[in-house]
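Below, chain A partners chain B and then partners chain C, in two separate complexes.
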Partner chain A sequence: MRKLIATIASKPSGALGLGLTLFHLVLAVLAPWIAPFDPTVQNADAILLPPNATHWMGTDTLGRDVFSRVVHGGRLAIAVTFSAAVVATLWGGFAGIFFGTVGGRVDEYSMRIADAFLSMPWLLFLLLIISIGGAGPLTIIPTLGFFYGVAVLRVVRGAAMQISARDFVTAAKARGEALWPILTREMFPNLSDILLVEGAMRWSWMLLAFSSLSFLGFGATPPTPDWGLMVAQERGLLSTAPWGVFWPCVALSSLIIGINLLADAVGKALGLDRATAAAV
Partner chain B sequence: MTEPLIKIEDLSLGFTAKDGRQAPILRGLSLELAPGETLGIVGESGSGKSTVALAMMGYLKPGLSVFRGRAVFDGNDMFALPEKQRARLRGSSIALIPQNAGQALTPTLKIGQQIGEALRLHTALTAGERGIKVLELLNRVRLPSPEDIAKRYPHELSGGQQQRAAVAMALAGNAKALLLDEPTTGLDVTTQAHILEFLRSLAKELGVAMIYVSHDLGVIARAADRVAVMYAGMLVEEGPTAEVLRAPNHPYTRGLLASIPRLGEPGIPASMPGMPPAVGSELTACAFIDRCPQARTACRDGVPQLERRGGVRVRCPFAGEPAPEHVTALREPQVQEARALELRDVAISYHKPGLMERWLKKPEPAPTVDRAGFILKKGETLGLVGESGSGKSTILRAIAGLAGTRKGSVTLGDGESLNAPVAGRGRETLRKVQMIFQNADASLNPRQSIGEILMAPLKLYFGLKGAEAQARAEALLEAVRLPARYMPRFPGQLSGGEKQRVGVARAFAANPEVTLCDEVTSALDVSVQAAALALLTRLQKENGSSYIFVSHDLAVVRAVSDRVAVLYQGRICETGPAEQVYAPPYHPYTQTLMGAVLEPDPDTAPILLANDMSEKAPPATGCPFQRRCAKRIGSICDTVVPPAQELQSGHVIHCHIQMSGTEAEKIGVAPELLPAE
Partner chain C sequence: MKKPLLLTAAIAMASSAATAETLRIPHELGFGGSESMDPISPQRFYEAIQTVYSRLVRQGEDGRPSPDLALSWEATPDAKEWTFKLRPGVTFHNGNAFTAEDVAFSLMRTQSETIDSPTKGVMGIIDHVDVVDPQTVKVVLKDSHADFPLLTMDYRIKMLDAETCGGDLDALCESGNGTGPFELVDLDALGTTTMKRFENYYGNRAGVENLELIAIADQDARVAALQAGQIDLVYSVSAEQVPLFAGNPGFTVQSVPSGRWVGLVMNTQEAPFSDPRVRKAIRMSADRDALGKLVYGKGGYIVSCDHPVWTGDQYRKEIDCGRDVDGAKALLSEAGFADGLEIELFVSDISEGAVKMAEVLQNQAKDAGIEIELVPAPADGYWGDVWMKEAFFATGWSQRPADQILNEAYRSGVAWNETAWNSADFDAKLDSARSELDFGKRKKLYGELQEELWETGGSFIPVHLNITRVLSSKISGLPPVEGFSIRYEDLTKNGSGS
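Here is the complex of A and B:
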């Protein structure tokens, strides 16, 4: 593990990715101590102030400190999407390994179903489920996890098919090993790298998806400080008070870029080619 | 003497570590090649043979750099030239034909277009002239109907044809030298022999210099005027091929030659113990010292110089001494009366009729394997030999339960049926049949330690766990002569030969009654191969195991087998005791195979009987070999399944040609089978 981190940090892009990701995680955890103001407290005397010495990133339409909101703005998004990424990687990974190993008709039919899910306009579908189940994390996490898990499934299944064609799996089958030991002992250790990279990639995509949901009013609910929601609320003032939109965007993009670079570096350090790992 | 075409002077190259330490792959190599000469570079994996060949083109693999020395091609100091000029020389004056010609051709371009492209790059011909030249080149490499071939895509050609097309492309630039990296590795013996004969005549005809890089001394013996033997990045012996092979001077060359199984000599060849020094390590003594039977303290005083002895250069000061005799260990037959396995009239087919085919009641194609039958006795080794597509591995897979049988029966010695696939077999039945795979690299899980790998079957079949399993696994390692400290290691930390030993140990963990060996030595270097063969033989003697040994290498099969079955297109052509199958009378296919074998002997030449073609599927009726047979006697071969003629005890030939015992030497034809006048 230490060696892996050293390899990742040895390249500028890897170091940047690791740095950005860690920076955001630390920021999210320590937000209450870092933010100079309460992110939800409104101040009628300080509405739409441009960046100044007290309010580094200015204030929004309700006079809230943009810096404090940006610092807090990733907490919910990171927590929700990270959980959803874990769900997606676990179920998609397991199903992918299973179908890639079993093959045959079971695999064939299941993949057609997976393709059907992949071809759905998932954002609309998500909105439908959320409008039925409510906008809480308990709806969003399983839903995001399920939909992104299908994509993980496709990728992992492709890789698993290659592994299961190797002789050591044939040897285990010929030996008469049951399916479970083949999946866990022979297949999984050879696919854990891909799962790790896949999980990280999906996480970054989910961050974008969650922010989109918030933007549309289905993710975080006001007055929660959230990047997507902040952009939605302040977008009308883009020309007069751009700081309310600009800073949440910078925060979101830098985290997504960071995770992407990190996932890339992890993949390279583990000897994976992203082209093969993320080719859906 | 004419100016050499290629001159390598004291060339050292390798990796440079971050701390500036140099890890050499080539160590002060000097070599010359005259125009039109053919040179063979031979060595085991890691000896640097491919690196030398690439250096002749001024090419270094990424990460390598030249420490000192030069490589001069046709008056150009390759490493001093700017990359642009070097690239121009490459492909025009000196062309590389890579190991896998099929993969080196662009799959999406037709053969004619690819050669035309090479012509456009390297010549000033107009488009029309290029079209003519393409056909001329295809004709020159003796491809049948060039117009047709030019319009085909690479995958539509057979392996041998792809190789020829690659040669045609290399010739497009009027190359003065052709570099062939393992030109025939992966090709069938008959194709290999045809390609080599073709390259030989091409070299003579065009006066092109050729450099063969190969691990196979048989190929070098046939193809090259001079041979350079490499070891640990150095030349250890270099000289005229015939001289070197007849009277090898360096102990390594001798060991290498002794470790090659020969068709004419049964028994396990002598193996060379030990391993070459790690690539890039620093040498203070003779690189071969740890493996040399003649080593002495004087060998520790630095790396010996290359000395001239007659026409040969040798890197050993004691080369003049008489060599210790390498002994070929004769196998003592361990065959018992009891049966271990019996196949009766087995047919195997991978064909699954689609819905349309079932509706239309289309006739099924001939099965991949048909009429396969043999008996394996306890303690016996049965060799299955044949070219790729002969169905030998398919038979193994069926016995192991990985492929279903269509027809016939497979039974163990005690009458237990093996007709069911793996899922339908009991654990005890599964235990009795074990398989060792061709590629040890792929058959060991890279993420499991050697201990875990060996304990899996122990847990599965005997329920062994913990210390008990540990102890048993260590005993297994001991049995294959690997130290117990290998238990926590991972396959990636082992050499090829060691990995194969683990594969053998895993099979023996089950204490099987029948062990299936699928090309188990074909991925190993010859010196390691000999050791692996000796290991299998010793385990057989100790445990009374029965083997089915599949290989495309006739000499290897001869070395280890009591009985041999020769397969073509999934049908047995000839079967019998090894010494009888390897002696006349032969089935025409056996004779073809035997004739094509290249031995590391400068005095033998291959005899090419059947034409070089690959058949995709067995013929629907008659003799499987009908389309290639040089001794076809008539339409009967196409229509009637050849009868089984039993000659001496157990020697059976499936052929329409009468093989009477008395007329065994000259193959006669039964009068009633002669075509009517």
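Here is the complex of A and C:
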């Protein structure tokens, strides 16, 4: 692990990705101690103040400190999307390994179903499911996890087909080993690096998806400080009070860029080329 | 000879180009595309009916009754019979003559049980309408009403053509055939509804040739459309949106004191709001002045105490409704919520500041142990899908006279009784107030009704708004008057007035 981190950090892009991701994770964990104000406290005498010595990033339309809200703004998004990324990677990864190993008609039919899901306008489906099930994490995590898991499945299944054609898998089958030991002992160890990179990639995409949901009113609800929601609430004031939109955008973008750079660096460190490995 | 001809043609062309302007107004798509051209339909297309139809009496610039299709009116001493003299020579858009028969038809259909119009509660005082002659009608009331002409100023009490509507008092009439300054060309509530000037309009000839009503559900999108020059006015912008236009020579900003309010509604028949102590506790937890400042900015509001009668109304009752967190906690405790109360509030960007108001109340009510979870709802279709469907939700009303709004929103069983307020005593007092001929006694009765709403009602009306309207500087002829007093025929664009 240390070697992996050292390899990642040895490249500028990897070091930047690792730094940005760690920075945001630390910020999310320590937000209550870092933020100078309660992010939900409203102040009628401090509405839309530009950045100043007291409010470093200014205040919003309800007089709340933008810096405190930005610092807190990633907590829910990171928690929800990380959980959803784990769900997506686990089910998509397992299903991909399984279908890539067994092949045949089961694999063919399953992939057509997966292709059908991939062709659907996922955001509309997300909105539909969240409209029915509510906007809480208990709905959003499994929904995001399912939809993004389909993409993981497609990528991992492709890689699994290559692995399953190798001699050591053929030898295991010739030895009469059951399917489960083949999946867990022969296939999984050889695909874990792809799963790691895929998981990281999907996490960054999910962050964008969750923020989009919050922007549309289907993710975080007021008064929760959340980057997507902050942009939605202040978007009408871009020309007169841009700080309410600018800073949450900077925070969200920097985290997504950081995770992408980190995923790239991890892939390269593990000898994967994302350009060819990521089929979807 | 050639020169004068050319000159005349040039002037005619210039004149034609100048008057061929199109006025573009946004509409909020509040009924999700099922907007109706019948003015008394619960889903009336507000912006369209304002320009296509006319009333007997309309608001003057000062908000007082002013002649429209009725030139004069008088009452018997007991104010039970009102005679209206009608404007002669008026025609509908299809060429039919406007007569007293049309007035009788238009007024009596408001009583229809089948249509179940929101106007039924207010106009239910009409017993019958007698056609005296083609230019005179006598409205006979069930009881005296000293302010009856005020009721006929209701923006939905429009005069329809009885013949076009088939004379059926129980059927919706969505023909769009009115006597107003614009006639309907194409109805497309989801897109752009188009109208053209009615050349035979009895009043001032409309200052623009065409009128477009463009569906834009989102408030920020309406503001952006105005900035981009896609529409010509926005009826109301929020305090923080004012700097987008103030000082910009391309726009005119108008501040209009009004009886408009954006509020929250508790259904008094559904738990936990069926307990008046819970309702009062929620109201007492609010700091109205701070809320007004946060949502509408300094000078953008006037504090009110959960009754709909605004400061400009002669029957307004001033009540002390300061914040009392301890009192709210005590009431909640009595109601069985000593450990706090958790409720859901459905909100949407339906009216200026609705979502922010909910967020501010959420923050303030926390101090009294009331946890409000905000449930966002889409703005388009809100009035059909959420309003009066949930137990706690946002609302927005335009200015109405005291008698009208108290009857329209709080009389038992009326269509827009959004709080499901059901009190026989309240109804009886409403009847007494509207039939009382002595002004002082009438004012006292209306005041008692307002106090009752503060004590036990289901409305949360923390402020009345000073509307900030923004229009393109190309538009003229629109003084800073309340929305119902706008005379669309007087609006001109780029000096297109004729």
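Criterion: the second predicted complex is superposed on the first by the 280 of 280 C-alpha atoms of A that agree within 3 Å, B and C clash if a C-alpha of one lies under 4 Å from a C-alpha of the other, contacts with A are read in each partner's own complex, and residues count from 1 in each chain.
By our rule, a residue touches a chain if its C-beta (ideal position, glycine included) is under 8 Å from a C-beta of that chain, and two chains touch if they have at least 3 such contacts.
Only a predicted model underlies this, so the values are computations on that prediction, with no experimental measurement involved.
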| item | value |
| --- | --- |
| Which superposed partner A:240 touches (first chain B, second chain C, both, neither) | second |
| Chain A residues touched by each partner, larger count belonging to chain B or chain C | C |
| Contacts of A:174 with chain B and chain C, given as first, second, both or neither | first |
| Contacts of A:44 with chain B and chain C, given as first, second, both or neither | second |
| First, second, both or neither for A:186, with chain B first and chain C second | first |
| Partner chain(s) touched by A:217 [first = chain B, second = chain C, both, neither] | second |
| Overlap of chain C and chain B interfaces on chain A (superposed complexes) | none |
| Residues of chain A touching chain B in the complex | 166-168, 170-177, 181, 185-186, 189-190 |
| Interface residues, chain C side, partner chain A - complex | 219-220, 223-224, 238, 240-241, 243-244, 290, 293-294, 297, 355-356, 358-360, 362-363, 373-376, 378 |
| Sites on chain B touched by chain A in the complex | 400-402, 422, 425, 427, 430, 434-435, 437-439, 442-448, 452, 456-457, 460, 506, 510 |
| For the chain A and chain C complex, residues of the former touching the latter | 40-42, 44, 47-48, 61-63, 135, 217-218, 221-223, 233, 235-237, 239-241 |
